[in-house]
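The same chain A turns up in both complexes below, where it pairs with chain B and then with chain C.
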Partner chain A sequence: MVIPDASTMPAVESEAQLRALLAGLCGVDAVGAEARAAKLATRSIKRSTKRAALDLAISMVDLTALEGADSPGRIVSLCTKAMRPDPRDPRVPSVAAVCVYADLVAQARTVLGDSSVKVAAVATAFPSGRASLRVKLADVSDALDAGADEVDMVIDRGAFLSGRVGQVFDEIVAVKEVCGRAQLKVILETGELVTYDNVRRASWLAMLGGADFIKTSTGKVVVSATTPVALVMLEAVRDFAESTGHLVGVKVAGGIRNSKDAIHYLVLVNETAGSSWLTPDLFRFGASSLLNDLLMQRLKQQRGAYVRPDEFSGD
Partner chain B sequence: MTQHHLANSELGSLDYDPAPESAQIAKLKGAYGLFIDGQFTDPTQHEQFASLNPATEETLVTVAHASAEDVDRAVASARKAYDTVWSKTTGARRAKYLFRIARIIQERSRELAVVETLDNGKPIRESRDVDIPLAAAHFFYYAGWADKLDHAGFGADPRPVGVCGQIIPWNFPLLMAAWKLAPALAAGNTCVLKPAETTPLSALILAEILQQAELPEGVVNIITGDGSTGSALVEHPGVDKIAFTGSTEVGRLIQQRVATTTKRLTLELGGNGANIVFDDAPVDEMIEGIIDGIFFNQGHVCCAGSRLLVQETIADEVLRRLVRRVEQLRVGDPMDKNTDVGAINSAAQLERIKELTAFGESEGATRYTSSCALPDKGYWFAPTVFADVTQSHRIAREEIFGPVLSVLTFRTPEEAVAKANNTNYGLACGVWSEKGSRTLWVAQRLRAGVVWANTYNRFDPTSPFGGVRESGFGREGGRHGLEAYLNV
Partner chain C sequence: MSDSHVEVRKTYKLLIDGALARSESGRSYEVTTAAGAFLANVAQGSRKDVRAAVVAARAAQANWWSATAYNRGQVIYRLAEMAESRRAELAEHVALSEGLKPAAAQVTVARAVDRMVWYAGWTDKVAQVLGGANPVAGPFFNFSLPTPSGVVGVVAPQESSLEGFVDCVLAPLCVGNTVVVLASQLRPTPALLVGEMSTTSDFPTGVLNIVTGFTQELTPTLASHEDIDGIDLEGVEGDAADALAKVAAGSIKRVLRPRGRHDDPTSLRRLRAFVETSTVWHTIGQ
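Right after this comes the complex of A and B.
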């Protein structure tokens, strides 16, 4: 009923088999999933737990710059901030990665050097995914050649929604192969998949295809990450780990702007997938303005009073 | 038999710091009298008893013990108010008072939540998010009916019953008071309410709220006491109607006492609800529903889903997930906002739970108990699941009224229905399946007042609630709830 009975990654041999496997996943009751996510939002995270959660959240940020107008100067600023989010306080952890388009990877790589901050590149005709596989793979190769550590690919939602799951699977496998040792994040664009059943199936599809992370959104459509969607994806990685032994990460992206929301997501992770996922290796926030709010809240915890937004740089 | 303690699982450790709500918010007085004729008065016998905090065993306040004489005063006050004021008050004006009460409950919701949790032992998250908002919602809902009784389907100008004696249990003290008072007042009755011996406090705060709302004196009288007080109320000749929520045992006694009189009676009694899980259920939400069905309010819920009937093909998988989830429940200080399961309401109830679960083990069921640490003081019982339970086990037949779940299996829908119905009770059941036709097929065949589909323990003032067979008769909530308080 719930998960394929296999002790290792199930080999996908045909589209029919894949389709049967996805259809065999149990459904999601939308009312129940939303109620569960809302209930977990009532957890009260205070004092040392809050301080730890803020630092953990900072370390999980993929600091993102995905505007057409992004200048090289902005990338320099972003990367500098990524390595040392609060220049006055060395105890503030670095963020996990900066996330940029492929053409800015080289710039980011130069600034970040061999720091712990990774360079993540969105690729495969981000954000729509509307290009031939040849173009998508070339996009990935470009990013890797320029020094990207991680690749955030998009799935072909049109293919998924029309039932061509084999095509989506093959593309993920092909991108994964090009990635080699680079981490592959597979963006489901859950705002376009709409139903939680689709989110669960797409999560499994991506994991079977070799995703290191499954990611909610591009941030380029109206609906981005929501907590019930994150809940369903966290259940998927938990079940996948139980079934196959492979731990796949989750990245929530788009619309997460304040610390309260970020901490809410950490509670979801903690109580759904479990504390093993409370690490930047397995959970990320794709965000830009979130970082400043985390820093402000962090300072507020230390000083006991709120601080001005201008205490921190805009980028 | 075997007792499995799960090793510290990989789950659940962001190690939440304590986030306690402040007990000061309750603003409790040292002692409370009886609320009769709009005033707090001393009991005639000057007897007092203590109300404990079940999480600490500390005395919270002392309350008055109402004697038969006090019951008489309360009933006389209710009769006078009925004859001189309330029966002459228009529906629109009655609605005004009910709306006021509802709004003051909302305004004082934080205080009421704290009082409820201190007195009952339930987690503050539940009293804050469920009990108090629902209590206000019931007053709002029935306020709307007060001037529309002509259109409630009971004919033109339906008349009230008169003086109602209402006896409520300790599991949802304020909410049960709201369930009783709101429809009674909307229909034009006056009331004598007796809260449970172990949880009188929120009803006494409600008495303050009634004063604040300037409800005419005597329309509602609230008298505290034990079984003898309730008994005096049931037997009082001046009472026109008894509404009781509580155990089947006491309900049966009340029905015997009332049998030779003209008193009307509604009873909302025990239950032994079945949660039926088919192999196409939405598993993650179903697990949450099972957890909520049995561990909500420490299982002190008459409609608790205390029997899990799971299709054999997925039984192992469901049990594994269930046990993992039970291990994650946060048991402890009810005042902590992150607590999922609080204290057992009384030493007597804890004793009963222990006794019945001991039978579970001696009769051969497999016990899984959460490895959670329990506080040293207070009444506590770790969340427990029994697997390999059969229909003939005592834990499957009797109402445990605690955080204890019995898991049974079935193979076909017919078998599921037969097992679910194989009980003297008939209050509530749940059905979990993504297949609508099967859910409806099963629901039609269940002998229960309430059937939830893909959810459990959902309450709404617009929806009638009540049982069949030994779970009682009469409905509370919705349009149906008016019938119990109208002379129709």
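Right after this comes the complex of A and C.
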């Protein structure tokens, strides 16, 4: 693969240069990526390794509540669950973060206090990204003022697909600037990017723009995270790290509902980006129902019997 | 049939969530006739197949119960229609599996189809028989209604591969439960034929799930599974039922102990086994 030659973050000075850089990325072998992802999904993780993987996956969950019907009450129970996923077992790690709309950040912040669980806010006219930059930046500022630690922004897919990469890049840079020390996750919405080549280009675009995480999906379109897409993104962060020394995280979101899928992703991370990425600082699952399945499988490992789904609360 | 016809051998599969599928484990085992000749290759289910079947049964239960009793009766009657038109095939498998003479097998199949019709008739009558209006000291109506336990695990009888199977499976289905059944280990093909018929009988997917395999290997999973609400141990032999009942108690299941051949076919024991009585109060004269 052609990697831009730079020992630090390459400075993007013009849209033409950015365009050339993205065009210089070699294409993704789609059949190969799908075969590799499918092959890695057959790997079997058992016993103590499985137990460790379940705990690791729990600690990587961004517990997500992104429904129009979310109430402050639901956020309170969600945050309580985030800090102590299984009330009976203090050995279960806290999740990484709760992920909510900007207007509910303050509520989440109040409940979480100074616990290790971060507050992530989706902003920039989530999930469509269809708003002016001014509105998007105001959305981000709102979330940060309310106490968000992390911001999940969406890119303008329309601009990206019609070739206006400079505009997408500038938006990311602008949002990053407003974020300051808050972590920025850039949602590529891979389900709308059509090809793996576009996923690779968008990943690089986001990383060059200053993303701390690149995230697959909003969870609001039909096609969410898939393993081949995650593979392409993990290759991108690996290559970016080799080329610039910056470690960028990956967040897979949407449609990951059971432990088996989560463990497949962990295998993919380990085999693609490497074991350095097996930490909540560099890999996350954006999910809501996944946490309960992880807890169920964890309990199954302890009890030796399959567990009822209603053993754990809905939120 | 012309001499050039190539014999098409059938692989018998599991029925999970409406799909006829091989075991997740990829295993299969050989089933022989009562005389010891090869009969069929049958999927050897694993505990993960049981788990998948329970997930399907749980997902299907609310809709199966919220359908009208009349509708459940129609669906079960439809199963009888399907079985009626395939009586010859069922009789052949019962004869081979149980070592019966053809005439005796035909009688067994006819009785099994009759049982299907019997249970089809019961769906909208159990409430009257098992429930009722209770006398109370106050200005209230008080009703007791039988509601299903939920998901029922069934260890089907080992010997009575069709008739016993039909009894053990349709009784819990009739009152609104969904079922995960472990077919007879040595004689699974009649049960699997009924499973195939169920897929063309308007049973919603996941209502009836059939797992074949080694009884000793799979019964502990069935008994310990916390998302199963009741278990019929009819096909468990010897002392194993005690141990399994103890395991089942860990998740507060209803347990139906094996009775074997002493069971009276007109008894309501099975219909009564997997229902919970729900009592409703209502004021009088408002």
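The definition used in the following text is that the second predicted complex is superposed on the first by the 314 of 315 C-alpha atoms of A that agree within 3 Å, B and C clash if a C-alpha of one lies under 4 Å from a C-alpha of the other, contacts with A are read in each partner's own complex, and residues count from 1 in each chain.
One rule holds for everything that comes next: contacts are C-beta pairs under 8 Å (C-beta built on N, C-alpha and C of every residue); 3 or more make two chains touch, one makes a residue touch a chain.
These figures come from a predicted structure and were not determined experimentally.
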Is A:Val307 touching the first partner chain B, the second partner chain C, both, or neither of them? second
Return first, second, both or neither, reflecting whether A:Arg19 touches chain B, chain C, both chains, or no partner chain. neither
By the touch definition at the top of the document, which applies to A:Ser44: first (chain B), second (chain C), both, or neither? first
If we overlay the two complexes on their shared chain A, which of chain B and chain C does A:Arg74 touch? Say first, second, both or neither. neither
If we overlay the two complexes on their shared chain A, which of chain B and chain C does A:Val28 touch? Say first, second, both or neither. first
Who touches more of chain A, chain B or chain C? B
Of the two partner chains, chain B (first) and chain C (second), which one does A:Glu271 touch, if any: first, second, both, or neither? first
Which parts of chain A are touched by chain B and by chain C alike? none
Which chain C residues qualify as touching chain A in the complex? 51, 54, 58, 221, 224-227, 250-251
The answer for chain A against chain B in the complex is residues 1-2, 26-29, 31-33, 35-36, 42-50, 52-53, 232, 235, 266-267, 270-271, 274-276, 278
Can you list the chain A residues touching chain C in their complex? 304-309, 311
The chain B residues in contact with chain A across the complex are 9-19, 125, 129, 279-286, 288-289, 313-314, 317, 328, 337-338, 434, 454-455
